[in-house]
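Some structures to go through are shown next.
What follows is a pair of complexes built around chain A, which joins chain B in one and chain C in the other.
And then the complex of A and B:
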């Protein structure tokens, strides 16, 4: 238990209760003021967003409840890179933008345009672009304008079904979307403000997923990406090629499948997240959380990934979201159909 | 336990072979509380169509003008078998397939004033339960190959199970292999919990589902 040479352990440290329905998604504020405690946003089927903060005594409390704006499930939430804005995507077909000012969260904009449920929202690394996706099969890119105005600069059509999640690359203006159509699509600007799909990762051509792809996460450097699926696998991708550069000639390079992690979860994997400390966490419909790391010793055959821990019955019901705390890479948050949000601490020496 | 089969026209004379209490319970399916305004509201909002691609008839209250455009206008209706004396001793015992079947057998078909059991959409063999693993699976058989009501039936089954059994149970709902032309896509939709959650938040679809659930036979027995 002292963290040196002992068994690796994921210990539940806090249980945050308050949601009256399933908790769908989590977002840690990435940019707090100096010395400030971590801040976590959670959202769910009760149509609310809850803001959680660590109190001086180490306990966690819900400091704000963002309600009466969305009239259906709030499916996901995302902080802007500067930590000042929170975007919330709802089944009511809108995306709301919240700003913290004067001690309160205020809804400063509502983005309308999708035909039905908005599933996910993601800010680009600069914070100037926001992507959203919906069951209407489209991905929208919005540009922030002065005065809390958001202009739609692109409507990306390409998926043939429900788009489950969008995620920007951590460094480049490259957007990735994953779908009920089993594919992963990569989108980039051609330099003339025209957005195009630059690559589609499929089961047939790229060793991709064979069922709905639910979630996606990049490592900190942006040269690896993990996706997870209803096919009960996680897949690792080499994303070191900059797809935002115009193609030169035939046979251009592209993102490649690296590894498939299979046999670890017995039901749909809803969430995967890559920590700044290079741990991959996954949460699934089997109520379990798994942690993986890259295996350094097998470099001859290329990178491979090994399970370091499986936490069975981490929640009483499906786990919908797992998110590492950016300020403390050993702290993991999870959200579940059981309505709770749990905080976990990773203990022990992983490299032992 | 007799199980006579006969053809019934949904608007025609009620098939023979039902006893008095059966007939009484069937008349409850005419939804007298549903007004024309209610129907208008349903027609106005085409959310249902977007989600599950329901045909027009789906939004017609059951039991009224059901002859036009029905997906299966003349289903085979089976007499409702007597209830097995199961529940009396089942309360304390472990959950089994019969408990689950008893819970869902009286769900009303979205199109017809009959239960899923009477239409042979469900039978006791449709249900399997693994209590140890906390798993319930239901395999139902739509009445016709191109039944666009299959997704609604699946939603009804899922909601009923969610309302009646401990929440930690994992529920899988599928159509019987070969029973539906678009079997794979229906199965995928029914087991995508995000799509199911969104569907149940859609007021019109929810009304359709609730109508199928609240018209439960069991109270008349």
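And then the complex of A and C:
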């Protein structure tokens, strides 16, 4: 009943309908009040953002629809670490900032600067920096000022194609971006608002991806990250080196490839997310969700990754986003081109 | 058999070199014509491009002048970071080689100026844009 024993399964618990077009992305509010139940935001091609909460009877309901702000697809959403602000990135080239106050969501700022479709937004752990990326190949870093003003700190140019996603390290002020140009770039500043690309992970030099990289997710400690790609693989990287520290010596240490998980999905893997535990979820164009677990190994080579299960036909169409619930590490949400958001529960005993 | 006297004119020479003479005449006529029309075309193109560059740089400089005036009235009109960006824009503008149009870095310098201007605009939350310039990315989707 509570996950002890029994076969491992990913059981669908709820199906959230409401979006009138494909559901692109999801974000769980990371910081709820004491005793509050989880809050999920979803966004999509219908230009809206929907907020979902658990109802007293255990079902889930859409409590808010954020609309009439973006005039094109909302591609991605992200909560600030304190859970009070929601950033929404849109194909209309703007990023909107919403504040939840007095039971209502209000758009308190609109960030303009990108030349075309904004693909992703991410808040730094400190909460004061917001990164956005776009088809214009650039990554912008904004800093929040008093009064809901946002200043542009830097414009990072380096990718040669559409940038699909940006994600801050969970602890350090280090930013990772992934792109249609097949590379993963790591950015850090020198302490003086001067941001540089401190590492590029490529196919040729770092066992990187051979096609578009769609998503990136750090584990909770920040010493590992997973990326997924159009090349149908997931790659795990050792990110324990603090790349924001300047190297005075010769050999500049780098983040290393640890493992490539291949053969699990037959189509582009659009999303991967690392739970606060040891689970990695992936969602792909083959309509399936795969779950992997990191196994600590006593062998010198380090951890390995094992498939726990593959949920075929999790949705009727491409899965665009998978996200573990921060408050309940066995609950997973998925969003799909079929317009639905599904909630799943991982049940059973996973032997380490 | 007999040696030709050296200072005898070869009466056949003009006939034999006739086509060469005509070629040279034609070349000279063409070259002179081209020189005149090329100068005129070049003048037109130079005027046009020079005007476009001047207008765009003048626009940014005008904005800077207004911002500098605002700062003189109120030192805290803008945050330290925005002021720094404005100073960087001023430096980029004054480094632009107006008298050296063939400097092959002018394209890149103009891109840097445009980007710096957009960063300041974004930080001020203003929607002002220089209308004359072409939009950059016209890509497939």
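Just so we're on the same page, the second predicted complex is superposed on the first by the 343 of 352 C-alpha atoms of A that agree within 3 Å, B and C clash if a C-alpha of one lies under 4 Å from a C-alpha of the other, contacts with A are read in each partner's own complex, and residues count from 1 in each chain.
In this text, contacts are C-beta pairs under 8 Å (C-beta built on N, C-alpha and C of every residue); 3 or more make two chains touch, one makes a residue touch a chain.
None of the values given here were measured: they were computed from a predicted structure.
K.L.:
In the superposed arrangement, does A:338 touch chain B (first), chain C (second), both or neither?
P.N.:
first
K.L.:
For A:285, select first, second, both or neither according to whether it touches chain B, chain C, the two together, or no partner.
P.N.:
After superposition on chain A, A:285 lies in contact with chain B alone.
K.L.:
Mind working out whether A:164 is in touch with chain B, chain C, both or neither, as first, second, both or neither?
P.N.:
After superposition on chain A, A:164 lies in contact with chain B alone.
K.L.:
Between chain B (first) and chain C (second), which does A:180 come into contact with in this model arrangement: first, second, both, or neither?
P.N.:
It touches chain B, and chain C stays clear.
K.L.:
Identify the partner contact of A:267: answer first if only chain B is touched, second if only chain C is, both if each is, neither if none is.
P.N.:
In the superposition, A:267 contacts chain B only.
K.L.:
Applying the touch criterion given at the start, work out whether A:101 contacts chain B, chain C, both or neither, answering first, second, both or neither.
P.N.:
A:101 contacts neither chain B nor chain C.
K.L.:
Mind working out whether A:45 is in touch with chain B, chain C, both or neither, as first, second, both or neither?
P.N.:
The answer is first: A:45 touches chain B but not chain C.
K.L.:
Quick one: classify A:116 as touching chain B (first), chain C (second), both or neither.
P.N.:
In the superposed model, A:116 contacts both chain B and chain C.
K.L.:
Quick one: name whichever of chain B and chain C touches more residues of chain A.
P.N.:
B
K.L.:
Considering only touches as defined above, state whether A:73 meets chain B (first), chain C (second), both or neither.
P.N.:
A:73: touches chain B, not chain C.
K.L.:
Which residues of chain A are in contact with chain B in one complex and with chain C in the other?
P.N.:
115-116, 135
K.L.:
What residues of chain C sit close enough to touch chain A in their complex?
P.N.:
79, 81-82, 84, 115, 118-119, 121-123, 125, 127, 135-137, 139, 141
K.L.:
Residue numbers of chain A touching chain B in their complex, please.
P.N.:
It comes out as residues 22, 45, 72-73, 75, 91, 115-117, 119, 135, 162, 164, 180, 211-212, 230, 267, 285, 287, 316-318, 337-338.
K.L.:
Could you please specify the touching residues of chain A with respect to chain C in the complex?
P.N.:
Per the stated touch rule, the residues are 111-113, 115-116, 135-136, 140, 143, 145, 149-153, 155, 193.
K.L.:
What does chain B use to touch chain A in their complex?
P.N.:
Where chain B meets chain A, its residues are 47, 50-51, 167-168, 170, 188, 192-195, 197-198, 201.
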